[in-house]
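Below you'll find a set of structures to go through.
Two complexes follow with subunit A in common, the first pairing it with subunit B and the second with subunit C.
After this line comes the complex of A and B, so read on.
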């Protein structure tokens, strides 16, 4: 009958690999087996971490990157889901659009930079468009797959219940595709975050963590570089966790179904 | 008994193509079901009995021949012809109440009337207290009862049941047969049911259509003259069941 929702437990085994790596690092630094310019010793790194945390430029850079990420991710996701719905639900649109979509997505993301900067200049516009592109493809492809895989059995129920095409889309295909769309948006977020830092680093204009990282590298501040890497990982992880929890909270039925599978 | 719900199938053919080869699923099928009648179709796998039901539901189209319902040709699916599938086909993202309500989305009536109908049907199929449960939280029998409630919601004049109890264990099955009989008596809906189970057919129906395959065709139509509710232990019921099972086994031989 009613089955209880399984609880998610925190598994401490995930911490083992980072701990081992940290131990190796401490040993390598203390025994002097490693050039301190290439791999900073723990004490210097700790000082660098604290200094960077107190550096307003870092927070401005982080804020700019987040804003850029969210703008690009939202734009790319909206466009991607919209196109995915069209291509996933219409055989004609699929025949016309799918080959081009599949060809264009093979282009490595950063290969767009020369073209985008030529069109839109070395600045925020080109960066946001690149981020949007990074989000666009996972959003579009997952939405398309989700729609195409909406069970025929349930569409038949819609026909039997006299649903029109719009109701079949809204009440059957989109809900059935929802888990796939949600995972597309999560992949899009991760991809957009990679795109954000890459675009900032390579275009190297204005504020942003990519720019901050690039200038730390120029100044040969490996402690700051390492801090940035940790910060990027942490922010990415926090964002994707937040999104996953938001989806789980928004669709309790989906979460239940996912647990059951 | 209502005066609505009469089905006429006249000389229907339907073929499928599997790897380029023609499979004659149905050949020259003619059958009439009277308003309020309970008719079951039995036959070996591949005799086209589910295909026949899909034609009546207008989920598929006949190659030739005519299906008409209350004198009007059947061309597209309609709420007047409800369908219960073998797998319950509830929407997994909706709870029981909302699933039943989808059966009323395109029906006439105010929201309040629809809510009342939904809760009456949930009670009719014995799912009180499970209104907020999602399909994956229900047992197979409960899910199928919810599906029956959904298909009854718009007050269909005929219910097309495609092996609705086929996926259930035998205990649940027996219980659901009684429930189905009760629903039929209560709602007065014409029933056309496909089943593998001859004793189920004898227990429930007024007439049993025995089909044969290659090509799918009607072999004979058996009247079941006993008053309902019937008991399976009644010697006459058991004898008729035996006779039809023999007939089917001869068909297969």
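After this line comes the complex of A and C, so read on.
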């Protein structure tokens, strides 16, 4: 009982390096040895952070990025889990689908942007499709692996109980694959968030944090750029923590519900 | 009740049989697999040709498969594709070398010394939370949009996977090996040569594989954004000129190059996996 508590205590040594770096930063900006555009002085950085926090454009950008992320992630995950289930449960579907899936997966995600923008225009549609694509592959791969690794003994129980294929899927394979699917959806969310920022930054149209970031760079505002990056990291971390907690609360219940009814 | 239990062949359950069959594929089965795998690409090609034949989309937006093929042959013959890939791969090699050198040293140091880990670990892990692509604007402000930018961002993309994997590989080297090294009174150099490196190598190679894949992905983005050469630039520029046949060729080239690099790294992973390294 004592050890986990002791281990959880924050190791103060971890904040030494950040403090030293911060001190160097203050000294460097006070003595003026560095280009203030690159190494923003602390006071200016603080002002920039506060100004951006009060900037309505930033919140609009963050909101539309989040909306885009959720749309793309949901679409990509639903498609990915569905395809993962089909390919993971049927040997025939695997032989038909897996080679093409693996071939398409080799293309770097953002290399799809030129084609997507040519087909769907420089706007929201192309961005959401790219985000969905970013979410699709992790969701599909993890679902497929989860289905394939559903214990043979459990499937045999299903056969002994004379379950139909649908019941085997619903009561045995999906509950067994649930942890893997859940982690696939988590990876999909992280990947979709990277896809959101990258797509907005590269396409650079409309609203979004990526666009906001890009224009801050154009204006040579390192303080705003840094604020955006911290915000990106924070949003990504918050989203994946929220999803992890949701799954931790939901997964056993879902598995039980599938077995109980 | 007994009647309700269907016959289950314990010795040869169907799933195992399926996988066993897949492993020892006879020639006809292999041809079947190729034929089945070709269904999706061929259907896509058919729909694509049909859409072109019916003028469903403007030819600037959807070039015919033959036009793409011709553009590919042309780019291969003229050497345009090879020279663009050469530039891109040169950047990957340089950035990867730089990033892995730092990653290896830092990972090994943090893995060996718990004190260093306590000081530097938390800030490095915090930096991990932010994806490489988000650092791009900062790097652009610091390095401009020249060659340094590409090398620096690739090095950054490669650094963290190598650092984390080297760290894990060094940290998990079995304590027993270190006890043997103590008994044999190894010098630090001998310990590095005979204990640390062999036991950490598989993890390091896996880290390198991840680093290479990250580096390739981020390079494409940088070249699309800020470059006058390389495969990503050719792709973005052809898109601006609405030469979508060239865009298709570059997408395939990016996919094939990524796949070849990953294939080579997977082979290296198998080569350095624990059971072969100990031999």
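Things to note:
The criterion applied here is as follows: the second predicted complex is superposed on the first by the 217 of 261 C-alpha atoms of A that agree within 3 Å, B and C clash if a C-alpha of one lies under 4 Å from a C-alpha of the other, contacts with A are read in each partner's own complex, and residues count from 1 in each chain.
Note that in this section a contact is a pair of C-beta atoms (placed from the backbone, for glycine too) under 8 Å apart; a residue touches a chain by one contact, two chains touch by 3 or more.
Everything quoted here is computed from the prediction, not taken from an experiment.
Of the two partner chains, neither subunit B nor subunit C is touched by A:168. Once the two complexes are overlaid on the shared chain, A:159 sits against subunit B and subunit C alike. With both structures placed on the common chain, the touch criterion links A:97 to subunit C but leaves subunit B unconnected. Contacts of A:233 after superposition: subunit C is touched, whereas subunit B is not reached. Look at A:129: by the touch rule set out above, it reaches neither subunit B nor subunit C. Judged by the touch definition given at the top, the superposed model places A:181 against neither subunit B nor subunit C. In the overlay built on the shared chain, the residue A:192 is in contact with neither subunit B nor subunit C. Judged by the document's definition of touching, subunit A residues 156, 159-160, 162 lie at the interface with subunit B and also at the interface with subunit C.
Within the complex formed with subunit A, the subunit B residues making contact are 57, 59, 77-79, 81-83, 85, 87, 89, 91-95, 102-103, 105-106, 133-134, 136-139, 142, 150-151, 154.
By the touch criterion given at the top, residues 1-3, 153-154, 156-157, 159-163, 167, 171-172, 175-176, 178, 251, 253-254, 256-257, 260 of subunit A touch subunit B in their complex. Listed in rising order, the residues of subunit C touching subunit A in the complex are 4-6, 8, 13, 15-16, 18, 22, 32-33, 36-37, 39-41, 44, 57, 61-62, 115, 118-123, 129-131, 133-138, 140-142, 216-217, 220-221, 224-225, 232, 235-236, 238-239, 242, 244, 247-248, 250-252, 254-256, 258-259, 262. On the subunit A side of its complex with subunit C, the touching residues are 11, 13-18, 21, 37-38, 91-92, 95-100, 103-104, 106-115, 117-119, 152, 155-156, 159-160, 162, 193-194, 197-198, 201-202, 213-214, 216-217, 220, 222, 225-226, 228-229, 232-233, 236-237.
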